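You will see subunit A twice below: alongside subunit B first, and alongside subunit C after that.
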Partner chain A sequence: MASQRRKRGESRVIRYIILGSWAVFCIAPVLWFLSIGFRPRTEIITPQPIYWPTFSLDAWHMIWSDWPMASYLRNSVLAIIGSVIIDLVLAIPAAYALSRYRFRGREDIGFYILSTRMMAPAIVAIPIFFLFRNMGLLDTIWALMLIYAAVNLSIVTWIIRSYMMDIPKELEDAARTDGASDLRILWEIIIPAVLPGIITAAVIAAIFAINEFLFTLLIASTKNAYTMSVALANFTGGSDGLIYNAIALVAFLAFVPVFIVVVAIQKHLSRGLTMGAVKG
Partner chain B sequence: MTELSPNLSGAAKAAPAIRRRSKRMRAAFPYLLLTPAVLYLLMITLYPGVYAIYQSFFLVRFNSWTYIGFQNYIDLWNDREFWAALWNTLVIGSVALTLQCLLALTLAYHAYRDPWIKGWRIIFLVPMLFMPSAVAFMFKLAFMDARVVADLLMRVGVIENNIGWASSTFLSRMILIVADVWQWTPFLFIIFVAALQSQDEEVEEAARLDGASWFKIFWNISLPLMRPVIAVALVLRGIDITTMFANVFIITKGGPGGATETISYFIYRTGFKTFNFGYASAASVVMLILTVIIAQLVVKRAFHSGRE
Partner chain C sequence: MARIELSGIQKKWGAVWGVRDVNIDIADKEFIVFLGPSGCGKTTTMRMIAGLEDPSEGQITVDGELMNEVDARDRDVAMVFQGYALYPNMTIYENIRFPLRMREVPKADHDRLVREAARMVELEEYLDRKPAALSGGQRQRAALARAIVRKPQCFLMDEPLSNLDAKLRQAMRVQIKHLQRQLKITTVYVTHDQIEAMTLADRIVIMEKGMIQQTGTPDEIYSDPANTFVAGFIGAPPMNLIPGELLGGTFRAPGIEIHDVKLTVDGKVTLGVRPEDCHVTPEAPNMTGTVYGVEPTGDMTFLTMRVGEHLIEVKADREYRRALDLPETVAFDRKRLYFFDTKGGQRLR
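Up next is the complex of A and B:
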């Protein structure tokens, strides 16, 4: 009994060592990068790395005065909101059909939607580039909106579909015998019931849209369409190379809202990330 | 009488007609609901696919297109850089994926029933909440520009002199792998924890009362139950790793000597750096075919077993 207890105590110590060292591995680079954001440029790339820098708000002033940071921010926010709205408008009816109806080709259509998630951006990059060029949409947030929505549509549809499948059939049947139409059932019963799923899908789509890099790189060429993700590569000072304190600061500016919404939907996160395959 | 009868018969006919139409309507309804989403997705899959196939038969020089048949594909077959890109993608991807899967399993195994860890779990998620481009710059700075990693290793005494990360095939690949493992192990971790938590605690309890060790329980009971979840998670992660672009673009630019050029970067470079669009499209088509094959073989199965 005593030895068993000691054994469990030992395994507890090992457990905390393993988890603790991983936590340090996760957090230490982040703290160091945060310190980059609040130090003067002269203390970033030095012959000997500086671990205790002087505190400075240089980067903060720089991003607003030397670069159109307000435009980057606006582009990111508008493109993300627009793309999430497009996704929800398209995905909710699609998910409703895939989850609540039996019809021929259901599995195949569902799998087709899922399979677009596997399309490497690089495969479609060139045709999409020419498509937007011909439409005159290069370097606009409209193009970003459309492409972010397209990239995330499969995820959003599958997440919402997964939540809709959990709703008991009786709920729907009761409303149907009362004579409610299918669209009214969707609007008044299904959507309120899967609201957590819809929010989860929207949050995950928004995060992926913030992160998107390749399409944005091809579409954006001026401050008209640069988002934060791609604008990072623009924080250069000509011959001085990259201006890392500005990069770090913007990285954290984007991180904070993402962190807050993820904490809020933490319970649904694993289900959302696996597109509904795991019910956490 | 004569005036009434058409009305009557009309009304009598109308009822079944409406019912018939609404029946057809009902059958079409789910398709109608799906149409907008499917059309939208065809726009970014079918249209670009057809466009890329068409363009791959041309030599594209700005606005002049010259038909050259299969020449782009023949060139591709003989292009050592293309094969190298496929190989690099495979090497970097498989090492990174294996590492993060093993790490995430170990961490999830230790974390999932620990109430104290539960409150702090968000710490483990922090890396994946940064923009990938930001993480790429962070690692570029840490390894290359500020040389912090080399400095720390020298202080600990692991190495004697500074390291030329960028000039070594092994080390530059390793930076990409470390960056990916750092950022995305949390993705697998959170999924594995959720899967472990949703398992029946009583089975574990029974096995424990029979004297089975924690590890035995994990290996013989929990892990087999997790197989479908692991399959789905690895498929999703595998897709993202094989399409890795931002890290290559920012950290290594494909160097040294193409040792870290992934297939995505190869397509980007031939298309948008050397403007050889026909050739890049041919590479896209090859990648598209590989994707479709893998999708049919692996992904369909993973998501079918993972669903319930």
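Up next is the complex of A and C:
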């Protein structure tokens, strides 16, 4: 009895050690970045190891005073929110039609939408540049919203569609015999039922948008449209050379909002990601 | 008021027949049950009445008004589904209120009507709960409340009790019948459970392979089956069907002999006899066999006899006991013997 209890205790210790190591492995780069961000620049590039780093707000002041970080942050947030809204407005009805209505070529359209994701972005980069230039949208947040929305629309539609397919048809039939129109069914029955899926799709789209680099670089040319991801690149060149502590801080700032969102909705996210795949 | 007529209804998906030539006249306030095995077309027929499926051919009329082109949401029917189909994001109160909102019933009446419907199904205490927080029986009652709240022309119920345990099913059956009598609303009920059909229906429509096999009151269906399918489907245990030969008024099959059969046909026929019409007796027996199984149930005993190649079910007295493989003799109730054409299965009269 006692040996069994000891064994169980040991296995729990081993489990904690493994999980603890994994947590340290995951969080270490973030903390490392943070420690770099709050050190003087000279201390970062010194070849000798420094065990007790000096705390410095040089980089913090620099990114806010010398660089238009507030604009970058604002651009990122607006472009992401705008693109996710556009995606949801377009993807929800599209997913509903693809999951519920029977029409010729339904599967082909579904696959076509997904296939747009398979193409390398560089292939369409130049045409998109000309497209936005002709529309007069270069270097605007509107262009970023549109391009992020376009890039992510397929994956958002596909994710929401897979959730909608799991909703029992009986629910819709019940609503229809209760007197609801297609739009009311979508709004009052389907959307609430697939909310975890919609949240999952929105978060994935937001993460993709935060990380988007190529199109932003192409479209943005000033602080009017520069986002955090492109701002990061600005710290790697020029007469100042590589500004590691500033890079680290900006990367950290780019990471924090996503981290907060994912932690806040992780219950929905994990439930959502499995619900779409497995019939309940 | 709702008299529903289905004339020449067909439903086909490509080359697959769902429903074939269904003709039924459902009277106002009638409780009609579609009964049949899975895939027999009973649910499809109901869905066509609801407007959730379009018939390939034929006409559906309600009080003489053609319904074929009328959208489901504009038909004044309320449907109760097998899986309850309660809206998971809404409370029970909101679920029951949903049809009132959709049909634009004046808002001032909503609360009164919802509480009235909830009271009828004894669900008042649970109005603020979500469906997930209710038991199966409570969910089914909530689905019923949602159906009755706006007093539709017609109730459609698609196997509403099949997810409940036996005891709850019996209780809900009584409740459904009581509600239907109280509200006096035409009701179409789909089930594969013959006990539900027999206990609830004013009339039963038995379906198989998309076609109606027989329509009649529960007594007619039980006592006067039109063919071997109906005979074998109704009754628990079902009617014994024994193929044999009729010659000069005498039916013979291995181990069975019945004289003075009042039928003019000769040749291969199938005898139908219900287990309760078989009496264990040594006097003037019609059937001789051996005991294959004895199953006491408390109020009676099921005796299974091996007769020739067949196993025949007999309902014996509650005290009946006999060792296996011993010989046994049985006399049939002569007034309750049925003969069917062996080839087509149709009743011979």
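Note that in this section the second predicted complex is superposed on the first by the 224 of 280 C-alpha atoms of A that agree within 3 Å, B and C clash if a C-alpha of one lies under 4 Å from a C-alpha of the other, contacts with A are read in each partner's own complex, and residues count from 1 in each chain.
One rule holds in what follows: a residue touches a chain if its C-beta (ideal position, glycine included) is under 8 Å from a C-beta of that chain, and two chains touch if they have at least 3 such contacts.
As the structure is a prediction and not an experimental result, all values here were calculated from the model.
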item: Which of subunit B and subunit C A:His61 touches, first, second, both or neither; value: neither
item: Which partner reaches more residues of subunit A (counting touched residues only), subunit B or subunit C; value: B
item: First, second, both or neither for A:Pro168, with subunit B first and subunit C second; value: second
item: Partner chain in contact with A:Leu242 - subunit B first, subunit C second, else both or neither; value: first
item: Which superposed partner A:Ala94 touches (first subunit B, second subunit C, both, neither); value: first
item: Touching both subunit C and subunit B, counted on subunit A across the two superposed complexes; value: none
item: Sites on subunit C touched by subunit A in the complex; value: 47, 50-52, 72-75, 77-79, 81-83, 85, 87-89, 98-99, 102-103, 146, 156
item: Subunit A residues within the subunit B interface of the complex; value: 11, 15, 18-19, 22-23, 25-27, 29-30, 32-33, 36, 44-46, 48-49, 89-91, 93-94, 96-98, 101, 103, 106, 109, 111-131, 147, 149-151, 153-154, 157, 182, 207, 210-211, 213-214, 217-218, 228-230, 232-233, 241-242, 244, 247-248, 250-251, 254-255, 258-259, 262-263, 266, 269-271, 273-280
item: In the complex with subunit A, residue positions of subunit B that touch it; value: 27, 29-31, 33-34, 36-38, 40-41, 43-45, 47-49, 51-52, 55, 103, 106-107, 110-111, 114, 117, 120, 122-127, 129-134, 137-139, 141-142, 145-148, 151, 182, 186-187, 190-191, 193-195, 197-198, 214, 228-229, 232-233, 236, 239, 242-243, 245-246, 249-250, 263-265, 267-268, 271-272, 277, 280-281, 284, 287-288, 291-292, 294-295, 299-300, 303, 306-307
item: Residues of subunit A defined as touching subunit C within the complex; value: 168, 170-171, 173-181, 184, 188-189, 192-193, 195
